[in-house]
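Per-chain residue numbering starts at 1, and chain names A, B and C are given in the order in which the chains are listed.
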Amino acid sequence: MSEPMIELRGVSKSYNGRAVVGDLTLAVPRGALCVLLGPSGCGKSTTLRMINRLVPCDGGTIRIDGEDALRPPVEALRRRIGYVIQSTGLFPHWRVDDNIATVPRLLHWPEPRVRARVHELLEMLRLDPRIYAGKYPHQLSGGEQQRVGVARALAADPELLLMDEPFAAVDPVTRDALQAEIARIHEATGKTIVFVTHDIAEALRLATMIAVMDRGRVVQSGTPLDIVERPASDFVRDFVGVQGLGLKLLAVRRVRDRLQTGEQADGEPIDAGATLAEALAAMVARRVGRLAVAEGDGRVVGAIALGDLVR
Amino acid sequence: MTADGAAEPWAAAPRLHNRVLPVLVLLATAAATAMGFVVIAPNRLLPGVGVPLWQAAAAPATAGFAAAAALLLTLCWVRPRGAVHYGAAAVAGAVLLAAPAVAGASAAQLLGSAPPASVASLAGGFWVVGGCAALAAIDSLQRAQAGAAVQLVTAAVLAGGFLALSRIGAFDALSLSREYAARHDLFGAAVLRHAELVAAALGAAVAIGVPLGLAPLRRKRFEAPLFAVLNLLQTVPSIALFGLLIAPLSGLADAVPALRAAGIGGVGPAPAIIALVLYALLPIARNTVAGIGGVSPAAIEAARGMGMTGRQVFWRVETPLALPVLLAGLRIVVVQTVGLAVVAALIGAGGLGSFVFEGLGQYATDLVLLGALPAILMALGADFVLRLAARAMPRRGAA
Amino acid sequence: MRIALKTPALWLGLLFVTLLTGMPGLSPVFGWAFPRVRPAVFDRAGFVELFLSHLGLVAAASTAAALAGVAAAVFATRPAGRDFRTIAALLAAAGQTFPPAAVLALAVPALGFGARPTVVALFVYGLLPVVENAIAGIEGVPEGLREAAQGMGMTPWQVLRRVELPLAAPVILAGVRVSVTVAIGTATIGSTVGALTLGTPIFDGLAGNKLPYVLQGAVLVALFAVVTDLLFAVLARRLQPADRR
C-alpha cells in the first residue's frame, strides 16, 4: 500500500477553551474521494480548513504527500491545493477567465499557458469558453458559478482538492448535475478530493471513502457500503439511517453497476444509466422480477434481477 | 515588560489586552512632558511662552497625573472584564476633569508672579491630554459595552463636575474665562441666536423636506431630478450660497419696504436661514424616502386589509415604522446646521460664529475658542442625544 | 467621452472656465447693475490665480487625506490593528460633527495665519470621511471572498491589493468625494485666515460692502464645487464594478 495522500495524526483545535476538533486521526489514500460526513458543528469544516491551514491547528501533525504540511510557507502550500467553498468565493470584479486564472497567475505562469489552461478547464466543466470566459460572476446562474469555482480550484492542476459543502446552496436539479460532474472529474483526473457535507445521499453518491464525524472526532471511516451495512455505533446508525435511506441508496446507484452482463430477460429493456429506483419501479409496475438492460444506443447488454438491487 | 507582568499575582502569562489605551497614555505623557500645558503671554494679543505641566502645576497634581497614567497602563495587562473597563473609564474621566482644573490653578499661580497685563491660555499639551483622556474614556465605555443609561450618566457627571469647578472659580485665571466674563451678556445672546438659527432652519426644512421626500414615493419619476438638484445644492460651499442670496434679497428688500421693516434684507438672519434650509433639505428628503419607502409592503397591506384609510395608514403604520430613519436624518441635519450657522456670522446673522471671526480678526485665540467650543459642544451634544433617542426607540423592523 | 457629454459636467465646466477667464469682460454689466462700486469687477488678484491657489490647497490636503485615510483604515482592519478599529471609526464619526469652520479657526492659533492652517485643517477634517468610508468598504467585502483568496494562496498583501481594495473602491471614492466637497467649502473660508482662494472676493466684498465682488466670488466658488462633484460622479460611474455599468 502506497503512502496516503493526506495523513492527520492527533490533530486538535479549540476555540476559547472549547475543543472543536480533538485528537483526530485520519488517512486519505492517494486518488480517493474522501467525504467528511457529520451534523453541523461536528468539526468537519474545521478539519478541512486545517489541511490548508486557513485554521491553524493547536496540536498534532498533518502530512500531505509525505511532507509536513505545517512546514512550508502557507501561501506556497495553498497554491498546491484546490479549494472550493459553498458561497463560491468568485471575485465579483473579475471576469470568469480571470477568476479561473487566479492561482496560475499567482504562480507566474506565462500568459499563453494561463489562457490555454483556462480554455481547457472551461471545456472540462462544459462551459463554452466563447460564451462564458468574458462574463462576470453575477451574470451566471448558481450552478454555473459553482462550475467556475471548481474550474478555478483545478486551475493549477493541484494534487489535492478540498471542497467545503460546495453544493449546499444550489437547487436539487443543479446539485445532481454538479455531483455527476465531480464524479466524472474525479474519475478522469484521479485527484485526491476531500469533500465536506452533511448530506448522506451526496456522500453515498460520490465517496470512495467516508469518514463520519461527531463532536470533533472521526467515529467511523470506511467505504460507503461499510458505513451503511456495518455502522460502528448508534450515532453512525442514526445519522446514516435517516428515514428512507434504502430508497435514497437505490436512487443514487445506477443499473449499470449491478447488471449481469450477457444475461437475458423479456420485455422492454431499461436504460443502463437509469437508477436502481427506476428499475425497481419498472419491476413493480410490470409485475416481473427481471428486466433486460440496454445501453443508450439501444443495444441490449444484459439483465438485472430483483436480487441484484440489494446486493 | 515581561518582568513587570510576572510580578502581578493575577496574571499567569501576562499579555497586553488593550493596545489603544497604552498608545493614548504614551501620547498624553509625551505631550505633557514636551509641550506647553498653559501659555503665559504679556498681553491678550501677543504670543506667549508655553510652560509644560511639570513646571506649571504643583507637585501633587503632576504626581496625580503620573499615577493615573501608571494605573491605566497597568489595567491594559489585566484580563478584560466589565469592572476593568469601567475602572479605566473612571480614571480617564477623572483626568478629563482634572486637566482644566490643574490648568486653572497653574494659571493663577503663574500669573501671580507675572506682569499685571499678562494672560494665561490653554496650550497644546492641555488639548492633547484632554483629547486622549476623552478618547480613553469613550473607548473604555465601548469595550464595557455600556448602555445608553451609563453613557448618559457619564456625560451628566462630567458636565456637572465641570460646572461645579467653574462655579468655585477653578478656571477664573484662564483667559478663556476672562474673555467670557468680558462678554458675559453677548455670549448668552450669541448662544441663543445660534440655537434660534438652527431651530428656525430645522422647522422650515422639515415642513418642506418631508413633503418633498414623499413626492417621489407617489411618483417615482420625481426621484432622480429632485435628488440631483438637492445634491448640487449640498455641494455649494456655504459662504458661496450665503453670498448668492445677498443680492436677490437686498434687491427684494429695496423693492418692498415692508420686508425691510420686517427685518429681511441682504445680510442678517434671513439669507442665513434660507441657506441653512436649502442645505437641510437633502438629508431630510433622502431619509424620508428611505424611511417611508423602507416600510415593509406587508405591513401596509395588512393595515389596508383591516380597513384603514390612506391617512390612517400613513400616520399609524408608515410614520412610526419609519421613525428611526427619520430621526437619523434629523440628527444629520442638526449637526450640519449647527456647523453651518457658524459661517452665517460672516453675513451678519450673529450666533457663535461672530466670536470665532471676531477672534480671528483680532488674533485672539481665546475669543475664537469662546465661539468654537460651544458650537462643537452643541453639535456633539445634539448628535449624542439624538443617537440615544434613536437607540432607545423600540426596533420595529423598519428597513 | 460619451459619458462626459451625457452629464452636465462638461457644460458647467466650460461655463466655469469662461467666467474664470472672462470675468473682467463682464465689467460693464456689473458697472451698470451696481453703479456705486468701482472697479465693478474684483481686481486685487486675478480670478485664475485665485482659482489655482484654491485648487492647490484642496488638491494637496485632499490627496494627503485620501492616502492617509485609506492607510489608517487598512491598518484598523488588519489583525494587528483590529484593536484600534472602534476608536478609529468613532473618531471619524465624532470628528465630523465638529463644525469645519471651527476646526479651521482652531488651526490658526497652532499654525499662524496663511495657507498653512488651511491645509492642515482641510487635511485633518478631510481624513474623517475617508477613514469612515474605507473602513466600511473594506469590512463590506464578504468574508467568503477573503477566505477564498487566502485559500488559493494569496499573501495578505495580495488579498488587500487584488480583492479588498478594488471591491471597496466605490465606497472609498464616495468618502473622498465628501472629503473634497468639504475641503473646497472650508478652503473658501480659509480666506478669512489669509489663504488666497476664490473666497477672497467674497470676504473683501462683505467687508467693504461691495456686492458685485461677493457675487463674482460666490458664483465661481459654487461652480468650482459643483463641477468637481460632477467629475466625481463621472469617476464613480467608471469605477463601478465593470459589469454593472
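Here, a residue touches a chain if its C-beta (ideal position, glycine included) is under 8 Å from a C-beta of that chain, and two chains touch if they have at least 3 such contacts.
What you see is a predicted model, and the numbers here were worked out from it, not measured in a lab.
Trainee: Touching subunit B and subunit C alike: which chains?
Mentor: The common neighbours do not exist; no chain touches both.
Trainee: By mean C-alpha coordinates, which chain is most distant from subunit C?
Mentor: Using the mean of the C-alpha atoms as each chain's centre, the farthest one from subunit C is A.
Trainee: For subunit B versus subunit C, what separation do you get between their C-alpha means, in angstrom?
Mentor: From the centre of subunit B to the centre of subunit C is 22 Å.
Trainee: Find the geometric centre of each of subunit A and subunit B from their Cα atoms only, then give the gap between the two centres in Å, rounded to an integer.
Mentor: 58
Trainee: Distance between subunit A and subunit C based on Cα centroids, please, to the nearest Å.
Mentor: Roughly 53 Å separates the two chain centres.
Trainee: Along subunit B, where are the residues that touch subunit C in the complex?
Mentor: Its residues touching subunit C are 18-20, 23, 124, 135, 138-139, 142-143, 231-232, 234-244, 246-247, 250, 266-267, 335, 338-340, 342-343, 346-347, 353, 356-357, 359-360, 363, 365, 368-369, 371-372, 375-376, 379-380, 383.
Trainee: In the complex, go through subunit C and note every residue touching subunit A.
Mentor: So the residues of subunit C touching subunit A come out as 142, 144-145, 147-155, 158, 162-163, 166-167, 241-244.
Trainee: Residues of subunit A touching subunit C in their complex?
Mentor: 52, 54, 74-80, 83, 85-93, 102-103, 106, 136, 138-139, 152-153, 162
Trainee: Can you list the subunit C residues touching subunit B in their complex?
Mentor: 83-84, 86-87, 90-91, 94, 96-102, 105-106, 108-110, 113, 181, 184-186, 188-189, 192-193, 199, 202-203, 205-206, 211, 214-215, 217-219, 221-222, 225-226, 228-229
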